[in-house]
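These are the structures in question, set out in turn.
Each of the next two complexes has chain A plus one other chain: chain B in the first, chain C in the second.
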Partner chain A sequence: MITGTIVAPGDKVLDRVGQYRLGNGLYEANKRIYSSIAGYVNIYTFKDKSDNLVQVIEVRRSTDPRENELLPYVGAVVTAKVMAVGLRFAKCDIIAIGDKVYKKRFSALLPKKKLRPLEPELSEPFKNFVRTNDYILAKVCEDVGIKDKFVLSIAEDELGVVLCRGKFGEAMKKVDWNTVISTRTGKTEPRKMAKVPQNCVLFNDDSSAMETDA
Partner chain B sequence: MVKQRVTAMRKQVEELIRTGATLVRESNGLPKSGADYELYNSYPTFNTFMKTSEERLNALMAKVTKSIGIVMRVPDVGSSVEHYTECVIEAQDNIAERVSTLHEVLKKADKDEIVKVPEYITKAAPTNRKTESEISAAMKTFSANIGTVLAQKFRERREEAAETIVHEKPQRTYNIPADNSAAPFASKLTVKHHAIKKRAGIVLIDDDESGRKEWNRSETETEEEHPYMTEVLHFKVPEEQLKSGETRKFKPLEKTPLTMVDTTEKLEALKDVLNSVKEFSVDLEHHQVRSYLGLTCLIQISTREEDFLVDPFPIWDQIGMLNEPFANPNILKVFHGSDNDILWLQRDFGVHVVNLFDTYVAMKKLKFPKFSLAYLAFRFADVVLDKQYQLADWRARPLRSAMVMYAREDTHYLLFAYDSLRELLLKQDAKLLSDVYSECRDLCIRPYKKPVFNPKGFMTEIKFRFTLNSRQDFALTSLYRWRDVIARTEDESPQFVLPNHMLLALAETLPRDTGGIYACCNPLPHFVKQHTGDIYKIMMEARDVKLEKVELTAREKINAQEVRGVMNESMDQLTSILNSKIDFSHIKFDEERGEIDIDKSQVGNDIQQKDCQTSLLSVLESSTVQNMESMIIVEEGKNVDCKKIKKLLNELNQFVTPYECYTVMMKEKERLEEIERQEAKRKKLEEGDKPKTLFSHHDAAVNRKAEFDAKLLNVDTVKLNSNETEEQQQKSPMEVDKDPPVFDPSRFSDDQLMSKKAMKRKRDAARKNIDVSVVLGESSSSDPKRAKTSEDKKEVEDFDYGTADNSAFEKTVKNNEPDFDPFHQKYRVKNKSKKNMSMKKSSNRQGTINYKK
Partner chain C sequence: MPTIRSNLSIPLNELSRIADDQKEVDQTKQRDSSKFRPLCVKCGVFGTQDGSGYAEFGNTRVLAQIFGPDGDGKWEDSYAKITLNLKGVEDETKLAEYRAEIISCISSVIFVQKYPGKVIDIEITVISDDGGALSTALTAVSLALAHSGIEHVGLTTSAHVVLRNDEYITDPSTSESEGVIGGVTFSFVPNLGQSTGINLYGRVPIENVKNLLEFARQKAISLVPVIHKAIVKSVDEMK
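Up next is the complex of A and B:
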């Protein structure tokens, strides 16, 4: 009856739970079901282990399931700042998930083996890829060993450093995908740069138009 | 007073510390041994002075320790400093030990409830000030020599325990009848005093005096009907009770005469006294462990002038005559928490109460912080009641003086409290007092009903940790019934016959033998021991029942839960608090306070209101934020720099977040891939026009799928080329592999393109030329040079290094890209050159490089 209705926080969705199971964005108070977020009511079904049909009712922010996620989820492209670089891990702070910027920074780990694809052990030091205070584009991925933190990966061409600064805080310019050059001292440093246009102009209709930095 | 003491103590301690500090300072100024002491000591005046002061110090120490109560071993004059310290440490240890033992004793006493620390003193709320009486009570308990006080208390306690054992049940001693049958309760009323209505089944006997009528019990009377129903309903509160009157202070306990009523004559006298007063206060002591229905053990009655303790056992049947003053609507009866007392009076003596004032109800009405009698007495009479005998065994006779004291204190202050409460109620609202009376009327009207045995009563009585199967259910039902039967015949409470947890343990384990039954019950109840055979029979029967899971019906479940108060369909404010997800556990529930009192009359408190609350949607819809406009906040007093703002906005507009770049890139990539795919499709279509029919081994394996495509994609071709050229330049003195680049432009490796023979040919050709080969980037397994054999190694070793120029290794690798260092040669070369490594070693290194790549 109610699929698709728009609700605001505090709106009563159901008088009782009934056959439904509560999903995201709902809470129960005084035996009634209220919405805790603004969005659309959605009902979906799935079969559980004993083959019973379970109906789940939830409130969604938007039709795209990824939009509903608040926390960094696996596969999300995030912008992060490298806070510290260790021997095997680099500590990062996630600044933005997709294009959503959060007040809180999520701490995450960038393991060494996630620097390049299909390379189990890398003899190259961490600093050839990222250094402290770099801003990187990364993807959240799963890791067998690390369960308590978000794990990042830059093992894609399009992922890597997007912004970095030199010793004196000066801007570093990209030379090629593996090197940056300081605008002040002219010193080159290795980095794994993200293969994204450094300067681009967004057009609403035609996204193909892009300019690379001269 | 305590505060003063504490501050005084603190001052003393501060003083002590200050003097101690000066002492240390002074003593540091004294000549030390090993330095000047020996010299000074040669002067006889110094020597004698030191000796006398040492003696004085010794005497002082002995005095101090003695005053604490500890004997100190004072060292002889002239003994070493170490000896002194030893003695002092010993003394201090003794003190600490004594303190800790005293502390332990106190703790134990608190646990054993020998010392009841009044709650106002230990957990005093900061809002209520301590009064003198509280402090004096505390002082009495914690006097200075606490050890002896505690020892005395312990001794008293032991004696009490020996005394209080009831050897024979008073029901048997005094022949008190108990009707434990399932028959409905029949009123014990014999004479109905102060009746105002003629009822069916009542024979009226004209009496000479004020409307005294004979009350005959008739068989048609149902127990639901209260004999004084009409009287209570038509009861009008006397005018003077609704008016403000004088507050008469209670007489002190010592000056109040106390009468023990245990004979019929005394009871008659009491009745006359009660008939003559305007109001009196009543309290009951009740015992319910060793009786099925419960037993009234003591009735305390206080008038303004006197206290009475009625021992009901010897005059059990005569107490009914007290009905006359109790049912008199012109005499006020003051109770505290009367709901049970009234029922017990009805049950045991056939005494009914008309015109009741319950101080508990009044306290509720006045919204006191606590509703206990102790609080009432504390608040109005400024007396701290010792409630330790509240749960004592009141059947014991003769009553000990402490218990008598406790019992009379229960009612002694009640009339004064009533006066104070009445004034308070009248002061707040005239309606409140009549409200209290109407609520008390509801209490009076409740008729006593016998507990009805419910065969499934255990569902609500016992909390289950597990779901029962059919056997356990059978056993539990049978045991429950057995327990009830035994309790009725023996006149004991069911809990005394078999406590709930043992009942559950028996039903859960279903022991096979008597030993198992005993194991379930510890300590073994008397009746279990007596009737082991019955329990054993039940267990055996239960074991024969077919095993199946018992599913409670939804209705039963809800009933059980509702009784326990877990869930309620009817949601009100109270249950909504109880069911709330907010954690209230840290808020200590005070038993004295009783249940949470919520005023339902207030508007807006209704939980249903939330349902009809207006949705926020309209608000959300109306306030759509316009994306294009941004707000600019300029600090007050500063000029608005339009240019700057414009520039800033422009920059902001132009700024592209990394994520947006990424999306652009992904789209671009997708587009390229799409084009590629279409190209491939087109090619395939073109080729598809003239399909090849015959394949031979000469055919290149072009159609094979590019397995390493994904891997190769990641390599930037441009970068690879540049690197390779650099490498070639660097290694120019050596013979450098001139093989075609490892990576075919068409992104297929050799083994994918060439036939086996061609590969071999190529490998051979390579082998002839190769000495150092460097492969960069993503070396795939298909690289032919990887499969080097020992042969290759030999060839490498054969190379004449003497002629070769190895300067390339000597100098640090430095070109236009200083950080480029693919194999960490920089470090290696540095190290080796420092250590003057021989050529042989360097050749070895060469070999390793060769091998690795």
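Up next is the complex of A and C:
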């Protein structure tokens, strides 16, 4: 199959998997590989951990990677609003992926153990990190237990609160990476702020990555 | 700057290709009974919609739209819920029959496990019904699915054939299907060779059913290139 061939759903892409690894938009039936979406065939290579070249075949809908995925995908950096904070989870609504705003919000969960890296369970309360109505930058990650909702993580320096408001709806100013101060009352509150990179590359060819230009 | 909300492009000249007052003309005399009525299919009608498709067989015109996959906050199962909103069918018996048939056809085609906790809402509008609305609706949904990017097994084609005095008529209009013994709407996925829906009605003799189904299958296969071409064209335009 030549790269760039336009396929409709159900078109046979390969007779067998062969040396390729299956990417998005393909499925295997009767030992043959069929396309499951309409788009064009794309083949790319990358080096895996043991330095072997892996060829991945996939079907893409458009050249823009954001258009390929209908839903937030694992590894994507999304903007979310914290709707409610519980004991073990914070309920969030995913608003946008990169600079593409979704038509409808997707509900997501932010578990307590995904607040800070390398710490299984925190004794600190949730409000030291995020509070209701905060806007956060978070990464979508996989969780074996939760399938029906997206699971978010802010366990990176670049991720965390980007916009928050105080008790009276006033803007909060950042003091340092863990503290914000109210512009009206002068009261300080703890938050995990995001170190938003100046040069933000949200999408690479095959996976999403953030690059800091400090 | 004006906001362009959609790139609606139902070809109006093709819509008016068969005038409405021609409905009563006996079209079987003009066309071969093994051929379809003049048809028009389009994948991707509305630009801002998640997915849309349009199919027209003679005077039967159906528009299908897809909303989603969205999370509604209530559905928490490990697979996607598919809901159907069927408009333009007034007869309640027909409505229930079509709804069940379409839901079962679509659910068997979509990879629902890939969208856990999501809802896929399908809206079908029968703009005009002149026989074979079910097969036209299934074709329109297949086109809308291809446009939406929701992963599914493959395109579905469907054909409506009737039996009249040992003669099979393909895709008859309402006037042509007078005095028929019975008929079948057959839909299947051609790449896997699996049928997704068979809607048999009337008093078809049991010994004729096999031949009727085989005839319908052949007719459905003959539609594959047309639908395939429409989908490929829409991808080409998007690119």
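To be clear about the criterion, the second predicted complex is superposed on the first by the 131 of 214 C-alpha atoms of A that agree within 3 Å, B and C clash if a C-alpha of one lies under 4 Å from a C-alpha of the other, contacts with A are read in each partner's own complex, and residues count from 1 in each chain.
Everything below uses one rule, namely that a contact is a pair of C-beta atoms (placed from the backbone, for glycine too) under 8 Å apart; a residue touches a chain by one contact, two chains touch by 3 or more.
Because the structure is a prediction, the values reported are computed rather than measured.
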item: Partner chain in contact with A:K104 - chain B first, chain C second, else both or neither; value: second
item: Which superposed partner A:A8 touches (first chain B, second chain C, both, neither); value: both
item: Touched partner set for A:L87, first chain B, second chain C, both or neither; value: neither
item: Touch count on chain A, higher of chain B and chain C; value: B
item: Which of chain B and chain C A:L163 touches, first, second, both or neither; value: first
item: Touched partner set for A:R61, first chain B, second chain C, both or neither; value: second
item: Touched partner set for A:V144, first chain B, second chain C, both or neither; value: neither
item: Partner chain in contact with A:W177 - chain B first, chain C second, else both or neither; value: first
item: Contacts of A:L53 with chain B and chain C, given as first, second, both or neither; value: neither
item: First (chain B), second (chain C), both or neither touched by A:V196; value: first
item: Overlap of the chain B and chain C footprints on chain A, listed as residue numbers; value: 6-12, 29-30, 38
item: Chain B to chain A touching residues, read off their complex; value: 569, 571, 576, 579, 607, 610-611, 613, 615-617, 619-620, 654, 656-669, 671, 711, 713-714, 716, 718-719, 817-820
item: Touching residues on chain A, where the partner in the complex is chain C; value: 6-12, 25, 27, 29-30, 34, 36-40, 61-63, 68, 70-71, 103-107, 147-149
item: Of all residues in chain C, those that touch chain A in their complex; value: 43, 50, 69-71, 73, 75-78, 111, 115-118, 145-155, 189-192, 227-228, 231-232, 234-236, 238-239
item: Chain A residues touching chain B - in the complex, by the definition given at the top; value: 6-12, 29-32, 38, 77, 79, 96, 98-99, 116-118, 135, 137, 157-159, 162-163, 176-179, 188-190, 194-202, 207-208, 210
